[in-house]
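What follows is a single structure, written as structure tokens, with notes after it.
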Amino acid sequence: MKKAIKIATIGGGSSYTPELIEGFIKRYKELPISEIWLVDVEDGKEKLEIVGRLAQRMWDATPYNVKVITTLNRKEALKDADFVTTQFRVGLLDARIKDERIPLLHRMLGQETNGAGGMFKAFRTIPVMKEIVEDMKELCPDAWLINFTNPSGIITEAVIKHFGWKKCIGLCNVPVIAMMNEPKVIGKQVSELNYQFAGLNHFHWHKVFDEDGIEVTGQLIDHINEKNGGTPANIYLAEFSLELLHSMNLLPCGYHRYYYSEKEMLEHSIEEFEKGGTRAEQMKEVEASLFEIYKNPNLNVKPEELQKRGGAYYSEAACECISAIYNNKGIHMVVSTQNNGAIPCLNSDSIIEISCLISAKGATPIAWGKMGAFEKGHLQIMKAMEECTISAALLGDYGVALQAFTINPLIQKGGEAKKVLDELLVVHEKYLPQFKEKISELKKRGVESKDSIVADLMKNGH
Amino acid sequence: MKKAIKIATIGGGSSYTPELIEGFIKRYKELPISEIWLVDVEDGKEKLEIVGRLAQRMWDATPYNVKVITTLNRKEALKDADFVTTQFRVGLLDARIKDERIPLLHRMLGQETNGAGGMFKAFRTIPVMKEIVEDMKELCPDAWLINFTNPSGIITEAVIKHFGWKKCIGLCNVPVIAMMNEPKVIGKQVSELNYQFAGLNHFHWHKVFDEDGIEVTGQLIDHINEKNGGTPANIYLAEFSLELLHSMNLLPCGYHRYYYSEKEMLEHSIEEFEKGGTRAEQMKEVEASLFEIYKNPNLNVKPEELQKRGGAYYSEAACECISAIYNNKGIHMVVSTQNNGAIPCLNSDSIIEISCLISAKGATPIAWGKMGAFEKGHLQIMKAMEECTISAALLGDYGVALQAFTINPLIQKGGEAKKVLDELLVVHEKYLPQFKEKISELKKRGVESKDSIVADLMKNGH
Amino acid sequence: MKKAIKIATIGGGSSYTPELIEGFIKRYKELPISEIWLVDVEDGKEKLEIVGRLAQRMWDATPYNVKVITTLNRKEALKDADFVTTQFRVGLLDARIKDERIPLLHRMLGQETNGAGGMFKAFRTIPVMKEIVEDMKELCPDAWLINFTNPSGIITEAVIKHFGWKKCIGLCNVPVIAMMNEPKVIGKQVSELNYQFAGLNHFHWHKVFDEDGIEVTGQLIDHINEKNGGTPANIYLAEFSLELLHSMNLLPCGYHRYYYSEKEMLEHSIEEFEKGGTRAEQMKEVEASLFEIYKNPNLNVKPEELQKRGGAYYSEAACECISAIYNNKGIHMVVSTQNNGAIPCLNSDSIIEISCLISAKGATPIAWGKMGAFEKGHLQIMKAMEECTISAALLGDYGVALQAFTINPLIQKGGEAKKVLDELLVVHEKYLPQFKEKISELKKRGVESKDSIVADLMKNGH
Amino acid sequence: MKKAIKIATIGGGSSYTPELIEGFIKRYKELPISEIWLVDVEDGKEKLEIVGRLAQRMWDATPYNVKVITTLNRKEALKDADFVTTQFRVGLLDARIKDERIPLLHRMLGQETNGAGGMFKAFRTIPVMKEIVEDMKELCPDAWLINFTNPSGIITEAVIKHFGWKKCIGLCNVPVIAMMNEPKVIGKQVSELNYQFAGLNHFHWHKVFDEDGIEVTGQLIDHINEKNGGTPANIYLAEFSLELLHSMNLLPCGYHRYYYSEKEMLEHSIEEFEKGGTRAEQMKEVEASLFEIYKNPNLNVKPEELQKRGGAYYSEAACECISAIYNNKGIHMVVSTQNNGAIPCLNSDSIIEISCLISAKGATPIAWGKMGAFEKGHLQIMKAMEECTISAALLGDYGVALQAFTINPLIQKGGEAKKVLDELLVVHEKYLPQFKEKISELKKRGVESKDSIVADLMKNGH
């Protein structure tokens, strides 16, 4: 008989945690958890305790005997864990506010995953992830690491390829959202369709066949600009050119709007910013009110308000993935894992986001085959951007960081981009020890952010 | 509602046909066939009729209303077919006798799939397969072609890559046999294990994991030299070196004994030949007696004697594959299909034999990833041998045929090999129109087989 | 003894022709030409005759007996030619004016080689080049085609890969200019340095070693932003970030400023446009005055004024390349030719611009090896852009043209880019027969250019 | 001004050394050597001193002031060396005798470079080469390592790829011999032809063009079976099939006879062995008599008898290569160096033998491009064999050694091959510390060579 399961969740103080708990409760019969350890850092201690108490109340309202333990001691949590989930945010939402405000102030995209913001999130996260993996090697060498810290693909590549932890799977909710929404627009259910995805995190395409093997990709393309056409709700629906998509005969993911409709997405984000600040600032408010709700000692279920926060299906994906491994299900999921040739135009050891079978031995990718020239070229430059980002994060090398900025299609190259890079380095100093020397040089040269909100955050030690 | 299914079986006069019929009968409820057309050539007319009548009796003994039609007119059979299965043998068993006798007389391996015999089978089959595909383009452009004519991988590559028929799947029973036999040796059932296969037809490896994701490949290796260790019954059990297999940590297929224990296999086959002639000669006798049995007008089930003929599970695989397509099952099968990157050290458009998901859209390969140097080098030379064989078959180019012979690891290169090539060309003249000119030159130079049995066959027009 | 050489120059009416003639005169002793055929189209007839007469006067002023023949009959010129040079411009400078004005009016880069303009030049040129190659197959099947029609890399790829003419070499003066200027900045001569170039036309890098094998790339980087640092005079010197270049440790070509300093280059080109119109308009004036000079019946040398026109060393490169082939020189030149593995991250049959040995058998590339992630990703997207451009040009497929626009890093993607595409299609209607249907649809929808200069050109039938 | 050159020759006691000295004397004016250090091991001390004295006499007979120093202290010799040449033989000729006798006694090819013998030479040499490179990193970090220890390609791959010494070039005389002999057979001189080689050491092909760019490969093929057709004198001229070569349209190297005419080569080598023992035994005698000659205190030139020993042009190649580096010549030579894409079907970082430009920065390969299926498959299996050999040599892993044996096309696989492996391990115990454990196990199981000559050698401590 298999032993009871220990889960360790790094960044356990996240407002998402109740969703994860709900997912585990729903699956308890197939996934007999005994302990859930929620870990966080000193700065997140208050939230961790609030959410920890709610989580325990949620379990206590079920017939199952599951203990929730909160801790600031990561090693204690990792000890003998079976599954480690990572959902932490180095520097919390304040760091994201800087990631978004500074590019937008320079009229560049302030987007936290694939733009300048995403690269800085990687710069901050990768050194911490390295420490986590080192702890795991010592404390739970057989555990699976289920990562949903963004930029999920980049972090997963660092973990698998650079830190050598093979039992890692990166998750994202974008493919789930597409599979939840698209079938309806052509009057089908997801179970009637064969989906195949391939690409990189936030940069993948898919094709769809019906139960007779007839391709319905083209039909779905015709609905892609509709509200329920498959794009996540948090992405502005700048119109895709249907002629472009039909010539590819592939369905792009929602994030492709940033690439194929770059101008409209940039203009819209600047407009939104000028109206109401960044998304991170809005989320900070939402989060504050969520934690007020979580405090209620009578609350013992996931509150409805969480649903609206976005990030839907993330925890669903995580729980399902864990269960598929534990129960050797062999089901189809779209995750970040090692290529192994599934996309032949990328290296075999690169991390990609791809349709996989999830079973006891982890994720096995389903081969996609040759890409057309258009998708291939785009994919290759994005993977190169990811590689430069990881190298810069590991080496703390400013020149390589400049390479990452210069190769990112969402950044307009030149002196202004360099300014954005320099300001972001300086404002994130606390979380970028690897760039210490360069930051000190930049500060001597007087580099700083002139934005009052950023200045305020920094004054308050964030 | 889906329409009733029409099957066309090329080489329908084969002694295997009752097995195929049995497979269809077992699956009638999920696979509602209405007509099975058995096609053959003039030379096989008598057998065709015998087996056709048996097939009809088999159906008549069921509650299902299925018509079996025999014909020498391929076009009539192909018209509007949904699935076409190919199991023909150009030149019948007499051709195989020549394929096996001539190399053995020169003390080379007389083996009908990967040796000189297999190459000649390809030379004879490819031109006929080309005509079949041309007919299909005209008469049943949406049909699936399920090939189990050997050398299955080479023929499937010709069909997909050279003749452009994408809806083709090549089948082989070797992986099925491994999955049927191996689990027992470690006290497991196949449903408890995750199998992953990759390679080429008759030249693949696999690895196996249990339901906890623990690799059990090494355990299975320890049993591989046992009688029920996974090797097909028709392959001599020349010992594998366990130290070699453990250092690879992969399970080779039964045919790998020809490569890893070349000397023992060669010696054994010469010994067998000297004792009792070739396997083809034995099979010719077996077949004659089978057809005697088939003639019995009271026989309306697959006779037990067929089981012993070898080639077990072939028809099982074919029927299951057809049903998986028809019913969009998404199950795991090991078939020959387009690589699509699943084995990154081979071209994306090469045909490989690989673990696939079989669904309405056909076979989708599961990515295997990097091979070790040893497997990689072997695989690449075997694929090169296949490519040279196909080129020679298409072009009728003698120099390229020599390349195929020279690169085949089972042939000792040099003047003797050239003699084998020359004699085989001459004795197969009737079925090698593409080599016409060269054969005529060889005959002028007096090339012939001195073997009396071959001479007799030829005298009788075979 | 080798026979006397016949040269055919397509686009012979170009104002550059006297430079080519001068190059041939200088090399007459090693390259004994007997006839030079200058071919042009009806629209260029007047210029052709002016330049033809000048060319003949230039030869007559030498001791060599060389005949210059002008013709509108391409076939006559190609008949038995030994070398064909292509320097034509479909639609003449008026087409270039449209290529540059329309993007700039939409505040996009109006650049005739790698931006929207370059893609349209390819759309217009490729169908004509196809006809030329067809003529050559018939009339001069052993001739070398020396192409310097821009976009030179794209055109050369179409000729070699799509039209199957292997004996084609694409030329560009950018590497020549770098090798002419750079050595001086570190006090060296080109003969003392080992240069190695690799990449694509207008998108390559180089590294340099001195005669002791010591790399001097870093020293040259430090001077790259100087006026004589290696960038062609016609490219605005938007500053390269030296930190970026040192981290790559490669010297980019001048055109990389459009990519690495995109914002500054775009702003500068808009500024220039608002001040003085496009470069094409300026060149049209320069050209008119050049032809006035060429008319002078006493002129029998290349006039000084031509030097200032830009495009320096182009003809030098062409004549040297022809001589290197004719005389089997085995010298180093940087040309567009088939990759053959020299840049492993691109397909072996792609056309690249690379350091080669030029000998009687043509251009043999010198292997460069692995690129860093940054260069690799950039190179791969640019090659994908080239491939999409060629596909669109061959197929007249609007969706693929949109792909080409969307993947081009110099185009801001979205609705505005689509407008530029649509307008360019409409204004170039005369030279884009392959897009006929789409253009007619666009015109029905009222697409047109609102620019008065473009409108005037079109009114006058250009 | 460049400083005077210090040469260090590992294995300086070789009978070939006078040839090397002669090469340096001939080039003194372009290659101003001041010191030549000849290093050897204790076992070779006597020979080292004899040859050292001869070498000094040779220099003393010239006007040049060059010192020859002999030493058993490798570190002393390497200190500040500019060029290190390696020509040592671990275990001397006695080891080669075992390499050749044992396979031949089992009726397998006893060939010291590509067969079992070559693999064992690699097993013995690689650990020593590792120490040499470690010393060089410390003592002469800027030196060039010119390797002609066989198997030259394998050793060079270990040095560059595994030990990280990039400034290494591997030499072989086979291409030189081809270029020396072939041109005459078609009435040409080498300077009139363009040669291009590609492949692996002792497994390469070439194609040849004349000064008009016309390919003459086919003409040379027609003469390849002649005595002066390009094959080294020490290789038996088992006939190549011209039809095979014409269909490839490539000239194989002499060693390809072992692969394309395997049977004849094997039979011939067994016959020779039965008549007169191994080549190594013959060479041991030749060597003994050479050293008698070298002792003559009046001898001060390379004696004629050395010419006959074979290995012609080796030293010529080494001296020319060193001079080409020193003088930045940029000449064509065929050497073992990093692929860099020149042969696209092999990894970019593999070592290949290829036409290169040799200049101050070392060897730059000339891109060859795609291979045909036949050459490609063969090349890939040979590279895999090399990789397995190196892995086995580095790891001392018996399973991997079995892989190397099983993938080698010149070894008939199976139990007999395993016996050869086992016996060779046991008889070479002294030089195979990495296999210590396995050898001790084999000895316990009673593995030994029953050959009296091998037994004698071992009794005498060899």
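Of note:
To keep things simple, chains are lettered A, B, C and D as they appear, and every chain counts its residues starting from 1.
Keep this in mind: contacts are C-beta pairs under 8 Å (C-beta built on N, C-alpha and C of every residue); 3 or more make two chains touch, one makes a residue touch a chain.
In UniProt terms the chains read A, B, C, D = 6-phospho-beta-glucosidase.
Note that the structure is a prediction, hence the values are computed from the model and not measured.
Chains making contact with chain A as well as with chain C: none in this assembly. Per-chain Cα centroids separate chain C from chain D by 47 Å. Chain B and chain D have Cα centroids separated by 44 Å.
Separating the CA-averaged centres of chain B and chain C is a span of 54 Å. Contact with two or more other chains is made by no residue of chain A.
Every pair of chains meeting the contact definition is listed here: A-B, A-C, B-D, C-D.
Per the touch definition, chain A reaches chain C in the complex via residues 238-239, 241, 243-244, 246-248, 259-265, 373-374, 376-378, 380-385, 387-388, 391, 397-400, 402-403, 406-407, 409, 412-418.
Those residues of chain C that touch chain D in the complex are listed here as 2, 194, 196, 209-215, 325, 328, 330, 338-344, 348-349, 357, 359-362, 364-370.
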